[in-house]
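Look for chain A in each of the two complexes below; its partner is chain B in the first and chain C in the second.
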Partner chain A sequence: MSTVPAPASLAPALREPLAGLLLAMADDEFVLGYWDSEWTGIAPMLEEDVAFSSLAQDEIGHAQAFLQLRAELSGEDPDAVAYGREPADFRHARLLDHGRGDWAFSIARRHLYETADALRLEALAGSTHAPLAELVAKVRREERYHLMHVGSWFVRLAEAGGEARRRLEAALARLAPDAATVFTPLPGETALVEAGLMAAGNAHLAGRWQALLEPELARLRLPMPRWEPPADGRHGHEASEDFRWLHGEFTLVARSEAGVTW
Partner chain B sequence: MVSEPVPRPLESAVWAALADVPDPEIPTVSVVDLGVVHRVEAERGRIRVELLPTFVGCPAVEAMRRGVEERLAGMAAQVEVVTTFRVPWTSDRITAEGRERLRGSGFAPPVKAVTADSAPALLPLLPSAICPHCGSHRTTLENAFGPTLCRSIHHCSDCRQPFEQFKTV
Partner chain C sequence: MSASSADRGAGGERGAGPLLAPDASGHVYEVFRQEKDGDPMRHAGNLVAPDDALALDYAREFYSRRQESHRLWVVRRDAIRDLDDPDLLRPPLDRSFKKPGGYVMRDKLDAARQRAGTTKPAARIDTPGGAKDPTEDLPEEPVE
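What follows is the complex of A and B.
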């Protein structure tokens, strides 16, 4: 969509790490967007039906824009990357490998994700790769609404007591091992940090995320997740059954006929 | 730096033509009213227009781009319309005329955008909306997500009407 070419000043050794970062971010947003879209038509209330459909549209739009930036480095067509890969080739965080679950699960997962994503975007806001900094400036203005919307639902369910709180606690317990996987270290990220493409590495961001979230969870007396990202926290080794199902759904039209548009 | 303004008839004609191109989702405002036009270059048979998407995932961008292309067709041998994120579109780019037209068709114009550059808070405060029907400030946000990505849903406590706001971003 954008026609801004990658600056010639980008060192060749940085191209692959940057393409990897963009793919990880695109896959996170893309997969989460498709899980959100699983609420279209059946959310607990009409307002949330609209909200989650909008969230889905935002996230898939962000994924497309990240893949477009990546295309300037890799030459790979964004649609082909999004709809033409096998499940094992996706690189989203394991946090997003779980199925949609119930409403509390969707809210818990989104809250963990949005708070982590906000810090990741903040670390890219001053990126020396200008097209990335420019896109991130735009994306952050939209993500503010996601943070607000999902964050207020999270507090609402936690403070509601009864079944709502029980379900939220159960969701957090299930997500605890994978909560920090958005910050899984990426190949070559040290070089990206040294060149100023990212302000800080994932290990540092994970620490900041804990400092942001821990006081809130403590105040709400909710269980703490695992704060350290595991080394294998990004998809790419073995696809979960949930994700394989989702992959079948979102590639259905693309697989139906070569070169189909919709 | 002070320089003599150079008359650019083709460029002025392009801007005038762009004022005819409606937003595909809120047709009472034009792409110029919305501040979506980032840059116009027009000289010697060549026109290039850069558009700023209001939202990254806005599905109307392509319709908007085509609308601009069709409107400018024939004004130069070569017409190129591209989108860019070079500067972020923010709701502060909507012109005074655009804000009036939004209000006139029942949309609350956005309020002054809060910068997203501050450190992330768990619950960022969102700006409020002024009722486009009665001008009341006593309004509540019903849903930050409305019928399109750029619209939110509100309710006025005074005239008791629901209304939409062009989202502040």
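What follows is the complex of A and C.
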């Protein structure tokens, strides 16, 4: 992080949109990481327990890295941002507002998220903001494995028939309205695209995501989600009861003693 | 409570159907690990997975999530042909005549190299498994 150039190299008008993008990405990873960490100890088998917990840890790590980069712009301490905000101040996509549900639900949600996240990261890989491009290159190397692992579980549950498939279909039906919310347009993103910080805007990415996922869902004869991101898919909506519960959990230690460390 | 709270601790998922039951569709895989490029592959341990794809994922998690491996070999245990028959591996009769200790090679090799004007080849470090000059390990004197 010491090689990050002074944020002054970034046009002032781009700072706030970029900080908003980084916060949205960090919150997505952070909230998903906490949801999926709930499988630690109760995953379907021991090997998957280790794997899924490790994936969840990766996401928390990515959130930390995004918040660290954001701190260069906003000056806000990543820990304070992660553990010091009220539920209404989080900016994660509504897809991540649901509780972890059963195993099929966690896999279905994660597959929708990973495929969307991969396209979002791809759009940032060639960012003109070098620190962002460098970080995204590292994150993508880890997400590649997430995409493989979760994708293989998704197909496995879909092709298993019986209870596994019924649960997967039920999960997709429940997630359908929120599936595309990762691509909710962000304030100021047009300026980010024009300056080359992002290769494409969220509306365009949502279209690419549909082109990627629709054939797979069709081949597996699974229900289609809503492909267009709603305008209020990321902010301006009430935090769900599930998320307020999760927030209580992940802020428990931070609230127990101000500035607590270990 | 929320949906997630209601589902929490739903241990029924642990054994939900034959898909996830190791005894029905799981296989034991043995994992071999190479720590650094050029090192020999060493047995690391084993795991249970329903198929090769997940076995590779789990091997990665068990033996490389802390970046401790350069390469992994993952093989189904039932693909390994086991040989531990003492009659075949360690016959009881005297085998000392099969050991190379009876031949003193070093002086003869040195003389031959001198005649040929060559020097002793250096140990090869570029080959996985680290093939060395085969004469290096030969003892001077008969072992037995």
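Keep in mind that, in the parts below, the second predicted complex is superposed on the first by the 254 of 262 C-alpha atoms of A that agree within 3 Å, B and C clash if a C-alpha of one lies under 4 Å from a C-alpha of the other, contacts with A are read in each partner's own complex, and residues count from 1 in each chain.
Assume a residue touches a chain if its C-beta (ideal position, glycine included) is under 8 Å from a C-beta of that chain, and two chains touch if they have at least 3 such contacts.
Values in this document were obtained by computation on a predicted structure and should not be read as measured data.
On the superposed chain A, the positions of chain B and chain C overlap enough to count as a clash. In the superposition on chain A, contact of A:162 is made with chain C only, not with chain B. By the touch criterion stated above, A:103 is placed in contact with chain C alone, chain B being left untouched. In the overlay built on the shared chain, the residue A:141 is in contact with chain B alone; chain C does not reach it. Residue contacts after overlaying the shared chain place A:152 against chain B and chain C alike. Of the two partner chains, chain B is the only one touched by A:118; chain C is not. Of the two partner chains placed by the overlay, only chain B lies in contact with A:64; chain C stays clear of it.
Of the two partner chains, chain C is the only one touched by A:44; chain B is not. In the superposed pair of complexes, A:260 makes contact with neither chain B nor chain C.
Contact with neither chain B nor chain C is seen for A:11 once the two complexes are overlaid on the shared chain. Annotation for chain A, partner touching more residues between chain B and chain C: B. Superposing the two complexes on chain A places one region of chain B into the space of chain C, and among 61-69, 115-123 or 151-159 that region is 151-159. Taken together, the two complexes place residues 47, 50-51, 54, 145, 148-149, 152 of chain A in contact with chain B and also with chain C. Chain C contributes residues 1-5, 7-11, 13-14, 16-17, 19-20, 22, 26, 47-50, 53-54, 57-58, 60-62, 65 to its touches with chain A in the complex. The part of chain A that touches chain B in the complex is made up of residues 1-4, 47, 50-51, 53-55, 57-62, 64-65, 115, 118-119, 122, 125, 131, 134-135, 137-142, 144-145, 147-149, 151-152, 155, 212-213, 216.
Residue ranges on chain B touching chain A, taken from their complex, read 53, 55-59, 61, 82-90, 113, 116-117, 119-124, 126, 142-147, 149, 153, 167, 169. Chain A makes touch with chain C in their complex at residues 35, 38, 42, 44-48, 50-51, 54, 98-103, 145, 148-149, 152, 156-157, 160, 162-164, 240-242, 245-246.
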